[in-house]
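To keep things simple, chains are lettered A, B, C and D as they appear, and every chain counts its residues starting from 1.
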Amino acid sequence: MSTPTGSPVGRFLWNFRHHPKRELWFAWWVMVIFYQLYGVLFFLVTRVQPPASPAWDTPMVVQWFNDRHFGLLAGFGVVFLISGLCAPMNALLAYSMRRMSVSRVFGYSYLIMYSLSAIPGMLVMAIAMTVGALRPDRDPELIHWLFDFAFLSFSGTMGVFMIGSLVWLVAILIDKNGVFPKWFGYLGLCNALTEVVVAPAWIFHRGVFAWNGAIAWWINMVVFVAYTACFIVLLRKMIEREDFGTGPLPDLPPKAERSQQDSVGAVQ
Amino acid sequence: MSGTFNKRLAIVWLVLTAMTLAYIWLDHSADDDGVLKASTVVTVSAIVIALVKVRIIFREFMEVRHAPVLLRHLTDAWVVLMAVCLLGSYFIGSALAG
Amino acid sequence: MRRTDGELILFWTLPAIAIIWVSAFFLFPGFLHPMSPTMSADAVADFYRDETARIRYSMILFNWFGVGLIPTVILLAMQVRRMAHRTPILSYSLIACAGGPPCLFLIANMFWLLGSFRPERSPELTQLLNDLAWVTFTVLVPYLIAQCLLLALAIYWDRQEQPVFKMWVAHFNVLVAVALAPAAFTALAFSGPLAWNGLLSFWVKNIAIAAWIVVMGVVLGQTILRRRAQEPVAA
Amino acid sequence: MTNLQEDSSTEQFERKPARFVPGQPDMWVFVLFESLLFTGYFSVYLIGRIQNRDLYLHSQAALDLRFGIFNTIVLLLSSWAIARCVQASREGAYRDALRDAFLTIGLGIAFLVSKVLEWVKEIRLGNRFTSNEFFQHFFFLTSIHLLHLLIGFVVMGVAVYQLWSPVRRSQQLVETCATYWHTVDFLWVLIFALLYVVR
């Protein structure tokens, strides 16, 4: 086994094949790419987020679908292509719990809960939106029904994410290996509580609690983005600190030593 | 030691309760003869009293009084931030509503 | 030593499931020839009215056995566990992928069954259920694509004297993933290869799934048998 | 856990003169983040209120200020009790600390009961979650706060569990639990002022 050669591509290929943490880094990058694509696809390509208003009348909804016809069909096509990316991402989160000093039950529960979370989280919406955009000449009432189905399945099904955050936060709080800082556990509680707050979307057609409302959507989105950004950074730290042991995760050495150690690690 | 601490906590509680009871007077003074009316003075005083209570809870009950400078400044900043947000949304909202 | 009792039983459910799936596939009148997305609402309603019985029975069969592939996928995930990896991330990922396709398929299955439950309803509604069923059925590829690519990656990374799977299995899985990909974009066209009855979205996708089941079934069987032959020596 | 305990007991003597954060500093991230989140909810409420003053004023008149005052005083009492509990446990008086912890839980239950009675009263009057904008906010803010209180019972369970047995008694965890409980208290102080008193 040779050490990495000079060119960046060569280095990348070497690391991809031989780096001791290749599986962890792979899953981490998949997660980063997934969230980037998620943002681009939902906000820019399909433009279904920020959400349309549930208060609209039927002609308005049909107009909304017509404006986005191609974007919806192509964008959700890409969604169908890539939503399998969440599998390595959830595997990494489950792995973080496996690395803690807690029962394996936590990691497996989280893995199973989140393995299907993409279905209520985005795929049902994608299917309903695709069918809605499929035939612009369909009975407008039916298009309106698909519109409700899409947004409510997307915003209104949060149990998976609430219970999932709770499982993760309990694991973090009782963990003695220091895989995550405790404050992230408490932040998980904030996130779980905002998942409760979207439930009124099932009840209101307008106002701050509707699925596009200031409280049910905007404030929740801010919390969700903050939470996601935190765990992406913290998982990166976890991978950097990983020693493949079972005891407490060591802290990162200071920067100067780290670069030296990296090259040693690479030689190993 | 225990005595002085508990006495201090009791006084804090009394102050907080007195401030809560002040709301009754505030509430009565708001309406003339049972006619409901909006009042900026009542709104602003209610919010300010509440935030003062929050700061007392921070300082005394949550022991920020003894905490490092960073936490003391951070909690004070938070009280100011809440005041700015609440009063700001009230006044800007009023200005927009006309 | 990890217990392996019953692995073979689970493995031999695969041909049984395959036979049931193939029979249900041919029993469903809408698969041969696949229904066109250009059919009018009335034509779709007539189809559900005329073929009610075959739709119901074939879909009930699928409803029973739709989840039948899960043991095979988990057996694959267990083989990945034995590979020369430092973390269980890839086998976790395969476990995370296992439930997705049956779940999506069950949604499609429900829409077909609902369509045939009251075929006398307004044609517009039957067409809506039919669209939902076909779109869901055609786009259920994301977990399958991820599964193939992850398995391929796991095999590429399995660097040891005697790898669990041979390298060509990885190449085959990448090929299957590529064959499945176009189906995700089926909604973009009503006719031609992308349409849900077209060459890419229907024939290539379903033949790729069938080929994957057959090839991976054989490979998996060989691997399990080989390991069982070696195990007494190792233990 | 034993580590934590040793840390906190050795620290105990040096602590008084030195400045310290009560409990896990991590809990303060929750306190600050959650109060920011509620500030968001409150701002949305105030802006909604200004756009529809009369509706809010008339709906607000259906609230009973006595419930609000009673609830606030009960929660302030519970905060006082948990603050005493922290002091007692810091000085090693665990029996007193336990008594104060149970007192806190009891006062929390009193708040819960009074809150539910108030909801029943409002619903009998015909003021439901879906009645109008004011009651949307009223039921939303009170119920999300009550959810925090219910979580608070779990948190107090942790505190009691720590105080119960001599082999545990992590002062740090008790203080962390207290910080959470005070958060429930001060959020209610704000909610009370905004729902019942603001005009």
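Here is the rule we go by: a residue touches a chain if its C-beta (ideal position, glycine included) is under 8 Å from a C-beta of that chain, and two chains touch if they have at least 3 such contacts.
Quantities reported herein were computed from a predicted structural model and do not represent experimental measurements.
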- Interface with more contacting C-beta pairs, comparing A-D to B-D: B-D
- Message: Based on mean C-alpha positions, which chain is nearest the centroid of every protein C-alpha shown?
- Response: A
- Cα-centroid distance, subunit A relative to subunit D, in whole angstrom: 31
- Could you put a whole-Å number on the gap between the CA centroids of subunit B and subunit D? 15
- Message: Counting only Cα atoms for the centres, state how far subunit C is from subunit D in Å.
- Response: 51
- Message: Taking the mean of the CA coordinates per chain, how far is subunit B from subunit C in Å?
- Response: 61
- Query: Do you know which subunit D residues sit against two or more other chains?
  - Reply: 25, 28, 40, 44
- Any idea which subunit B residues touch subunit D in the complex? 1-2, 5-6, 9-10, 12-13, 16-17, 20-21, 23-24, 26-27, 30, 36-39, 42-43, 46-47, 49-51, 53-54, 57-58, 60-63, 66-69, 71, 74-75, 78, 81-82, 85-86, 88-90, 93-94, 96-97
- Given the complex, residues on subunit D that touch subunit B span 19-22, 25, 28, 31-32, 35-36, 39-40, 42-44, 46-47, 49-51, 53, 57-58, 61, 65, 68-69, 72-73, 76-77, 79-80, 82-84, 86-88, 91, 93, 175, 178-179, 182, 185-186, 189-190, 192-194, 196-199
- Message: Show me the residue ranges of subunit C that touch subunit A in the complex, using the header's touch definition.
- Response: 37, 85-90, 92-100, 103-104, 107, 124-125, 127-128, 131-132, 135-136, 139, 141-147, 149-150, 153, 156-157, 181, 184-188
- Within their complex, subunit A touches subunit C through residues 17, 20-24, 26-27, 73-74, 76-78, 80-88, 90-92, 94-95, 98, 111-112, 114-116, 118-119, 123-124, 126-128, 130-131, 133-135, 138-139, 142, 146, 244
- subunit A partner contacts - residues on subunit D that touch it in the complex: 1, 24-30, 33-34, 37, 40-41, 44, 48, 129-130, 133, 136, 140, 144, 147-148, 151
